[in-house]
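Quick heads-up: structures coming right below.
Shared chain: subunit A. Partners: subunit B in the first complex, subunit C in the second.
Then we have the complex of A and B:
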């Protein structure tokens, strides 16, 4: 089972990716859709496939992989299954950075300004969380710090959007807090790809160090793991991935919580194997959620975060109950 | 502002100072504005308050209880409703003669613009959040009066509503008329600059913007129609 896990997840991502391309209000027949996507024969169909559905499906994979991997890495470093980018305020702070860049006009100055600002917001949040609930902090500290960071970031995001001269901005508070992939374009894909790829490479390279860390900090240090360097890699990797994902899709919660939780027993609780599995698992979850929002309410922009929270929040409560029983 | 005698109008809505929706910005700047709050309007002690159908019913009720006469005007959803509204304002202001002059001018101008056209060119109205206007809306009538077929009506939309971008693209409009973007950034308006929409826009040499003149049922809609007629004749 464990050996076949990665290929199995990979195949699931491919199948869901194809399904995501086939579903949409335009009602294209699968053959017609494929031919438009690959050969680009009919203008209207090609536009729908290449400019509307393809970026949406690619972004679902990227954003899901980013959130799943970031969640697994945070949990590996903090050795706490409750650490999740959304819950501890990293996504919310990234959203604040993105909103500030957009509303100040900074985002229009340079293509990298928007993901850069989101990354900066995420870095600050990760640093605050690590300072408050670092390796020796318990679950309570982690969650309380997360609540405070999330609440502050959410309030400031709402404030900035309410102050905007744009009459539509205030109604977009929901997007930044819940996330959506509706009507995204290839521009957003190119914006997110480099940051997510870089973050993934940095985090996946730390797998062995996270494995060593499961034995405790002293043991890890005696095995040659430089904790300061690991922390730096974690901060940059997580912030880069979550920042870019949030800048293009808003803050989608619980993906980084649900996915590692389900996959952990399947990889023998080994962080180095949990990281790639969580990236694929995150892509599976976000693709499924993004297909579901289009099937449930095809004409409205139902937010992805609504679905991930409905699945994730009960699991979160279950995890709190379990960690409490363990006396952590 | 078109109908009132000098001195008759003492305060106007803040919206009339907003360049995005006001068609008489220059004239409007000469009048003090109010924010539609009961207290500030009452303090001006007006004999008559003209309110829209969407003005807060609490504010209207409050002013009426305080003994202020409030007249609520319906929203004009068609070109034919405009003369009625002009006449009603004329009656309320005691300027019936001036109102008749404005109505006569409006109807004559409209008739000269509304020539018979083939309606073979299909246009799509595309606003923020993929909002568009179908049948039974002022924007639809502006389009059809200028000789365009409205794609939202083809899709079966009545009144205002949203049309998924995928569906709009599949209908392949010949002309895309986009909503005018507001200052500041918003995700809602990002759809106006979506690459798929850019491709559709590039198919037609001309480019049109739905601005302040489209919003309200005033004689200014004629300017919107006239610009579309120019576009129609220039393009075909």
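Then we have the complex of A and C:
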């Protein structure tokens, strides 16, 4: 089971990716859709496939992989199954950047204005966290700094909504914060790819250090793990992935928490093996959720983040119920 | 490079020095018991010597690069942490991490070290068990096996015998003494003076930030020192199986 897990998840991602390309309100037949995508011979259909469905499916994979991998890495570093990507305050700060862009009208200037502002928010959060939980701080300092930054970003987001003179902007903000992959373009993909790829490379390279941390910080340090460098790599990797994911998709909760939790027993609980599995698992979950929002309520624009939370929270409760007797 | 040398070694915790200007040379083949009452600085001495906390003065270990230090000394902290429900063998295999190059998988040599550590700690029956589901004493033995699997010229263990049943305490001390006879340096902090007297080739007694006594157990663990440092009286005798030291009262 454990050996076949990665190939199995990979195949599932491929199948769901194809399904995501074939499902949508334009009502294209699957064969017609794929031929329009690849051959580019039918104008309207090719436009739908290349400009709407393809970026949406790619972003679902990218965002899911980012959230799953970041969640697994944070849980491995903190040795706590309750850690999730939002913990270090990056998603909250990215959301604040996006909210300011929406409120000020800056978002309407360019397609990259909103995700750019969100990324800027994420970068500022990282700088504050690194200043607070600097080279000598431990993992507790990192959590506390993250909570403080999250709280501040949340409060400022509320302040913007509170003082918003424009109900249209306010409702736009609320809907953006629910998280969605609708109406994204290849521009969004190109913005997110470098950050998510860089973050993934940084985090995947730390696998054995997370394994060593199974024995605690002291034992890991004695086995040659430079804790300060590991924390820096973790913050930069998570921030890069989660900041980019939030910038293009908004806040999508529970993926980074639930996916590592589901997959942990299947990889023998080894943090290093959980990293790639969670990246693929996150892609599976977000692809499924993004297909579901199109199938369940095609006319009502059901938000992706709402669905992941509605499905994720009870699933998480069930997992806690099932595993509480097994000591995790 | 198979010994520990501390020179003019001081460690501060807050404003006051916990250890002050001590010097210590430990060599290969020695099984050293680090003794002292609670708060004497045993753990501090070992952690600072390893470079896990800030210190003044020189330590031959803390000046090594991290990767080289990990191949020179294995450290068993007092806190027995096992964060995830991994199998016993997986956990013990973590001891091989310092020997693995980037991207390489554990080889035959690594597996041999893991198997040998499992055999020495008598853990064959536990190999595939989930480490977090074992009892405290069993977990302690698994963690000792992890340190043994690291297969380093030096072994520093913080209260390894705590929480073990009598049979496993004796087995553990036998293992540590055997490691020392094989040419390794073993430094173990401990509270059981009887075990120290029987198994250590040398004991170092810490008291009030310095070394109160250092030498073979028979010469160091005298009624006078026990009263002065530990505030105890003890029955000291030579039995058929070696020295016997049994604390019998408080001074």
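The rule is short, and it goes like this: the second predicted complex is superposed on the first by the 238 of 328 C-alpha atoms of A that agree within 3 Å, B and C clash if a C-alpha of one lies under 4 Å from a C-alpha of the other, contacts with A are read in each partner's own complex, and residues count from 1 in each chain.
The rule is short, and it goes like this: contacts are C-beta pairs under 8 Å (C-beta built on N, C-alpha and C of every residue); 3 or more make two chains touch, one makes a residue touch a chain.
Fair warning: this is a prediction, and the values are worked out from it, not measured in the lab.
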Residue contacts with subunit A in the superposition, subunit B compared against subunit C: B
For A:318 in the superposed arrangement: first (subunit B), second (subunit C), both or neither? neither
Could you tell me if A:208 is touching subunit B, subunit C, both of them or neither one (first, second, both, neither)? second
Mind working out whether A:51 is in touch with subunit B, subunit C, both or neither, as first, second, both or neither? first
State whether A:25 touches subunit B only (first), subunit C only (second), both chains, or neither. first
For A:110, decide between first (touching subunit B), second (touching subunit C), both and neither. neither
Please work out whether A:299 is in contact with subunit B alone, subunit C alone, both, or neither, and reply first, second, both or neither. first
May I ask you to decide whether A:168 touches subunit B, subunit C, both, or neither, giving the answer as first, second, both or neither? first
Residue overlap on subunit A between the subunit B interface and the subunit C interface none
Per the touch rule above, subunit B residues touching subunit A in the complex are 128-130, 162, 164-167, 169-172, 182-191, 194-196, 199-200
In the complex with subunit C, residue positions of subunit A that touch it: 79, 208, 211-216, 218-219, 221-226, 264, 268-271, 326-328
List the residues on subunit A that touch subunit B in their complex, please. 24-26, 43-45, 47-48, 51-53, 102-103, 105, 107-108, 164-169, 171-172, 175, 183, 185-187, 298-299
Residues of subunit C defined as touching subunit A within the complex: 47, 50, 52, 66-67, 69-70, 73-77, 79, 81-87, 90-91, 94-95, 97-98, 100, 132-133, 143, 146, 150
